[in-house]
């Protein structure tokens, strides 16, 4: 019998990959240092949205045994699903590039060895875990270590801010020195990051990897209810740390190293060390999540054998796809691009991938042929439809906002 | 504290080039570089000065935390290294802008001096972080000076920008 | 493409009589579903269906129309996917066929009675295994047997 | 013949009037028993007068959720009907490639009957 904490490891790992990947860690700090907590409401909206759809995708996987991209291909047909595949792969591989770079940046914080030297080491380590380590062990270790990012929440308390002042910032408003376009650009970016499509690919496929059946529906629900709110809470904590320390100092966040400054201020060397462990674990977990998602989406679209529960020789094309994705990631990083900046462009592809991912999930969750008696209730359908609408609006707004604001200025 | 009001007029930096590009295309007869272009360039200068100030503030925070024994040496070193990169990037950015009028160019020169002057203290902060602990006072004083120089330059740039802008409005009305 | 359209006119419809066997719609129940082998191993996605006249007349030498009954002879996979997306028609020699006679069950996935390792459709999987993945140390290591 | 040769093809009546597009093929498992399942006989073509896409099949099923996605798609496919395979007079030659639309259409017999498409 697994302990309760380990039961929810999949949800925690999925949420870390979605809310606390290298790009989001920095974006959260940027948002905090420029907008205070005036965008925290977006994280709340995003957490509810990803909970709704991750819950549905987990339920479909548990009841029918079909992971999300199989459902997408089956419902949308090869052309539309192919478009989604291209867009989703673009988002996922761009994020993987950022994660491999992010692991290197996080390791640099602990070693002062230049991050460019860490890149091949990081990629090799990610591959070794994909190649050898059991899915279960992988999700438990990265999920638990990623929890050390709770250090950011602890730091908020240790900094002892003026709580009234902080609470006042929670009201959605555009700060005087920022324009409305930039505010909404970051709102869309945060919302897109919270609902990024590889989370449901990973979560549903992970459910299949963990062998979920109808009996595990409660466990799926628990994963969703614990993992994503925790991810959202941590991302708001990062924004809060930045808002308390960096905003008054006039610091504009542009690198991962600046994340440690509020932590040092709050908890000293020990807390910095804890948080650095968390940064490494979170970026490493996100790298695993995105690398696996690359393999899952491609294999499920084309009907290949997939899964870490099979030995690599029993899922060769799945493993080859992940190896190629990691090679691409290292190749891109070798050109000396800023790994964090890479993720900004994934917003464009998310605009295509988000509606095309969540619509089929919503439809299949209502299909008695798949779900039997477990079809969606009215409440989930209302929420799902509302979020589908928000997603379409956000998707349509994303690209114009990105152009007008030059990706947030 | 290096906080300045009106820190980052991002919107003007982003929207103004688009509006101007549209104007140029529509009018088809705009001169190559005008005072209106200078307004854009000056807003870019002001953004780069913000970056430099941010780098100085980052270095200062890293030094203070390190001096208080709250930040591990390696981590502080990385933060200071990133700050040096940001500061030099700002100098490069200001130095390569195209400016049309003499007034604006004078302001730019001032800004360039201020930004260049900030690189030294930030780099010195990194050097200090790498050495066995010695009093941080000198390093912090240099950073403070750089910070106030940057603030002054920022103020001048913003004023020049504000002066350039109404004329741009007139230019928009009379193509 | 719509030039012959004179606006949709709704034809009057009669109720469909009950059919004597299970009813399946190609797009709704067959196409793009995951195909699993006898052990539950994924084989491919069902990319297309091959249809033949019951009396064995083939589509190549004689035109099929409503006068002859037509049945599904094979499930197709492989290059037919590309032509479904981009148009055109692959040569029949390049279709990978999975005979209808091997189909055991059609649900949220299509189950076969054979092993995926014995099928033509999975040659690329075997090639990748034999030439790349199987040669990397640990490729045959079972992740569930140890940490 | 493969399923794609029939799917998305325009459907004309005997006089050449456009009726819609084939959006799906209906099979009935009532043929001679094969090894495991009965042979799947091509029973009918599902023809939609308004759109070439067969999206989710709400017009054929009793599923009404999620609102409003299901009702909208259902309304979009209103008028969808079923033509039994014996009512098909001519099928375009798959090897002829894309010709003019008139020759690349499925032509129905004069006295064809349209049935309700519900599953």
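Quick notes on this one:
In order of appearance the chains are A, B, C and D, and numbering begins at 1 in each one.
We adopt the following convention: a residue touches a chain if its C-beta (ideal position, glycine included) is under 8 Å from a C-beta of that chain, and two chains touch if they have at least 3 such contacts.
Everything numeric here is computed off the predicted structure, so don't read it as measured data.
Centroids of chain A and chain C (each the mean of its C-alpha atoms) stand 35 Å apart. Per-chain CA centroids place chain A at a distance of 33 Å from chain B.
With centres defined as mean CA coordinates, chain D is found 42 Å away from chain A. Chain geometry summary: the mean Cα position of chain B and that of chain D are 66 Å apart. Counting partners per residue, chain B has no residue that reaches two or more other chains. Among the residues of chain C, those touching two or more other chains are numbered 27, 31, 84.
Taken pairwise by the contact criterion, the protein chains fit none of the simple patterns, being neither a path, a ring, a star nor fully connected.
Checking each pair of chains for touch leaves A-B, A-C, A-D, C-D.
The touching residues of chain C, counted against chain A in their complex, run 27, 31-35, 41-47, 77, 81, 84-85, 107-109, 116, 124-125, 128-129, 132-134, 136, 138-144, 146-147. Those residues of chain A whose C-beta lies close enough to touch chain B in the complex are 34, 108-112, 177-182, 245, 248-252, 254-255, 257-258, 260-261, 264-265, 267-269, 272-273, 276, 404-406, 408-409.
Within the complex formed with chain D, the residues of chain C that make contact are 1, 3-6, 8-17, 19-28, 30-31, 48-52, 54, 59, 63-67, 69-72, 76, 80, 83-84, 89, 95, 100-106, 113. Chain contact summary for the complex, chain B toward chain A: residues 1-11, 13-15, 18, 47, 50-51, 53-54, 57-58, 60-62, 65, 69-72, 74-75, 77-79, 81-82, 86.
Those residues of chain A whose C-beta lies close enough to touch chain C in the complex are 64-66, 70, 73-74, 77-79, 81-82, 131-135, 137, 299-306, 308-314, 316-317, 319-320, 369-370.
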